[in-house]
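There are two complexes below, and they share chain A, which is joined by chain B in the first and by chain C in the second.
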Partner chain A sequence: MKPLRDTVLLFKREFIHSLRNPTWLVVGLMTPLLYLALYTPLLQKLAGGPGFPTTHVLNVFLPGMIGYMAFMNGVSEGYPTLFNLKDGQIERFRVTPANRVALLISPILADVAWMFVFIVILIAVAVPFGFNANIPGLLVTLILLGLLVMVTGAFSVAIALINKEISSFAAIVNGISLPVLLLSGVLLPLSMAPSWMRVVAHFNPLYYVVEANRLLAAGDIWNSTVGLAFLVTVGLAVGTFWWATRVFRKAVA
Partner chain B sequence: MAAGLEIKGSVLKIDNLCKSYVKGKLVNDYISLSLGYGEIFGLLGPNGAGKTTLVSQIIGLAKPDSGSITIEGVDIIAKPGYTRQACSFQAQTQVPINGLTAMQAIELVGRVRGGNTQKVRSRTLELLHNLEMEEWTKKSAETFSGGMRRLVAFCMASVVPGRIVILDEPTNDIDPLRRRLLWQEVRTLVAMGSTVLLITHNVLEAERAVDRLAIIDKGKVVSMGTPASLKGNGGLNMRFEITLEPRADVPIMPESIQNTTVTGRRVIGRLRESDIASAIQWARSLKEKGLAEEYSVGPASLEDVYLKVVGHGDSPEIPDKEVNHDRIAA
Partner chain C sequence: MSIISAKMLTKVYAGKIRAVDNLDLEIEAGQIFGFLGPNGAGKTTTLRMLATLLPIESGEATVAGIDVRRQPAKVRQHVGYVGQLGGADSLATGREDLILQGRLYGMNTFEVKKRTEELIDVLDLREFANRKGSTYSGGQRRRLEVALGIMHRPEVLFLDEPTTGLDPQNRANLWVQIRKLRDIGTTIFLTTHYLEEADALSDSLAIMDHGKIVAQGTSRELKQQIAGDSVLFSFKNDGEIIEKAIRIFKQQPYVREATIEGEQVRLYVKDGAVALPELLRLLDKENIAVKTMALSEPTLDDVFLRKTGRSLRDTGPNGKGNGESR
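Up next is the complex of A and B:
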């Protein structure tokens, strides 16, 4: 009971704290909106071509975009961890009986909650421009993306606690983000890529999520690709959380 | 706690605690002390004496090199989770509470410490009322002064108090009125069943507030007891002070005035009650000769004990063996 109770308490604290700092929320939403506004028009001529079998490019691009947004949300979780470490927030809770797993998971859950809000806003913006929103498929997408944020968030917090320095943490995050983006099929489907890239992409968890998202957006929930994405994400979630919990417990012992 | 206090059993027991951060330099050097149930125990000492290091080990932020710490018989070095529940702590540094109101910050800690929602709410409102902070209840912490943050931090340590409440410099930056209200709340904590460990530089405040205290210097406990027993000092429980005229030499001190220190034109010493009359007579004669401006006699203060025990900084003491205690002829 205590881990659950502490998680709820600390989650509420993180969520309220984000509401009082709307700048980060605005910045977080602006990036995908700018991609929608300024990149999607470039893809219009590809509609109906290889990798874009549907009538509107948004049905291919938007699912990839929200997958990348979830990835970046999670992988940036280490920054507030470092700020909290420096200004004594983590120390403040170290001397309380707050459950250690709750301390780790609650900011990540708050991130998941905000990501859901952003995705709903993005979809609401995209529908009038031609995006075909399949509600059951999108609900499953939200669950998959929630798991992805948990994986990348836990990974990011652990890296931050090991490094303890913003500059080296930023270098790691930036170094990981670009190849993950390019090898996931977010910007363009990897069916258009050479075979070696398609092989390398299979080592990228985001690739599975993006492929699954596109099928889910079309309402194809029971596809084996979706099942594979859940398998990869759940497996990574178990492994990443086990590791992150060990790192976190050592840091706040 | 009542006068003539009896310490029945220890809520906190520290035995031969040693801690170093750099090899060969002990920050806590075989420290042993114990806190009784329901007392207010003071920890005094100059900067760098090792007080914060000692407290860090009690609350589980650091592990000792050797020695033991038990709370109600439980080895808290082996079970750091126990100390986190048993102790509530107000740190010396400002607590980061930006993004929350005073009420939210206090209630969050109360709930995390296992307090019932309704009871935490009512206790929070009670603390804010008693410390005259109602105006700031729903204001965001970004607008708070340093003193207000200290008060919120005190409330966070007191809303669901532990068996031991550790307060590190609780009255820093706080105005005199709220300081008095805070001390009333400290006594309320004791009435609620907590033991209070108070770390402070403010010797005068400690003298009024604590039941017992320990003075720590260079990692060691150099003195421990009730304020009265420490001030007693072998019967020399009165304080004598004389302010010399400018350019007057330090006079030959009577034998009855001991432990003399000189600070500028002020000469301060300790004496027995039975020697007050002769000391006053001596001081009056100096004044009549134009060598002294004024003099006073009163009860010895803890500050005198503290300064004697930990040193005087730039206030040199006249060693007793160098002082000529021959009486001046009246």
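Up next is the complex of A and C:
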């Protein structure tokens, strides 16, 4: 009861904070829109070719793009953590009886909520340009991506709490993000990749999510690849949260 | 019974730095307890352990009768804490921030609203309570942070360097608020490296250095240990003259101590008003020309000096910076 109540209280606060920081909202939405406007035209000629079996490239590109959004959203979670560490807010809340897991999970949940808003806007923009939206599939995608944000968010917060300095935090997070993104097929499907790359990709959790996203966008909900993506993401979520909670309890601001 | 009690409290960083070293502490309820010491003395570490922010690895502590090590969650219901960093939310209004704080302490909506308005009055926040925290001045922000710390009417309030960075007017203002809190029964545990603050504000105090308490008692008791006045001399020619003067001073029965402080000589004498003319006569006889001299009643700095051999004013982050506190 108390964990839930604290989560709701802190979630509201975090969600409203983002509204008061409109720059963040605009930038968060502009990135995927720019990809949509300035990257998809490059793919037009690939339609029907390898990796793009469907009629419209957006049906392959957009599911990857929202995977990218979710990943980056979660990974950036450590920045506000660092600011709150510096201005004493984390310390302040740690002295209250507020539930520890609630303190950790609330900002990440607010991020999930905002990501849902962004994705809905993005899809609304993409449909007139030919994106074929499969509603049940997209709903399952949202759940999967919510879990992905939890994984990357908890991971990012833990790295921030351990490093405490923005420079080392940014270096670690960027250093990890780039190979993970390149080896996941967010921009172009890895079915176009040489076999060694596809082998390596199987060790990358994001790869499973992106593959599942493309199937779900086509309405293929009961595919085993989708199940595997959920299995991998839920497993990682449990692991990263267990770790991040430990880090948070010990964190010395 | 003591409201805060610590036995053999120890914190070792990196396996060897003894930030807090076998600390024993008993604090009576309902007073302002000042924890004075230079930066790095271990004041903040002690306070953070008592406030449940740092795990206690060695030794024991109870706050409000609760074992801090075994029941930190229970301790949190009884203590308030205002850290050096503050913790006010820049993106929320003061009122919103107070309401959230109350809700996190489990107060219901009605209770929270009532308490928020009460605190807005007590800490004089009304003028800016509906503005975002980012627009506050240093003093306004600090007042909001104190309000956040006492939202749940804690028995003990920990304040870590509460007036650092405030201008003299805001500092005086905060002192008034802190005394008010004491007068309604809150025990205040505050750390400071300002001598004047510890002297003026604390009902009793402890002086800390290198993780140990070097003196403890009321300000008056501590100064009485010095028993006498302090005289500071500087001479027109230093070097050998200083050595010579010290030799002369030490021969006088009423001089309890004579030490060199840089270019100056500090004496502790039984009665400054009697000793000073006598000392000047002696120096004159030996042809030692005095450049400056100062007579003062003992201060907490003298206490610190006696116990550690250093002046508190020389141990701050920027040396002289702490001198402003006198």
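In the analysis below, the second predicted complex is superposed on the first by the 251 of 253 C-alpha atoms of A that agree within 3 Å, B and C clash if a C-alpha of one lies under 4 Å from a C-alpha of the other, contacts with A are read in each partner's own complex, and residues count from 1 in each chain.
Note that in this section contacts are C-beta pairs under 8 Å (C-beta built on N, C-alpha and C of every residue); 3 or more make two chains touch, one makes a residue touch a chain.
Treat the numbers as computed from the prediction; the structure is a model and nothing was measured.
In the three-chain model built by superposing on chain A, chain B clashes with chain C. Applying the stated contact rule after C-alpha superposition, one finds that A:202 touches neither chain B nor chain C. In the superposition on chain A, A:95 makes contact with both chain B and chain C.
Within the superposed arrangement, the part of chain C that overlaps chain B, taken from 241-249, 259-267, 295-303 or 313-321, is 295-303. Residues 2, 5-6, 9-10, 13, 16-17, 20-21, 87-89, 91-98, 253 of chain A contact both chain B in one complex and chain C in the other.
By the touch rule above, chain A contacts chain B in their complex via residues 2, 5-6, 9-10, 13, 16-17, 20-21, 84, 87-89, 91-98, 253.
If you check the complex, the residues on chain C that touch chain A are 51-55, 73, 76-77, 79-81, 83-92, 96, 100-101, 103-106, 132, 145, 148. Those residues of chain B lying in contact with chain A across their complex are 59-61, 80-81, 84-85, 87, 89, 91, 93, 95-96, 99-100, 104, 108-109, 111-114, 140. On the side of chain A, the complex with chain C involves touching residues 2, 5-6, 9-10, 13, 16-17, 20-21, 86-89, 91-98, 250, 252-253.
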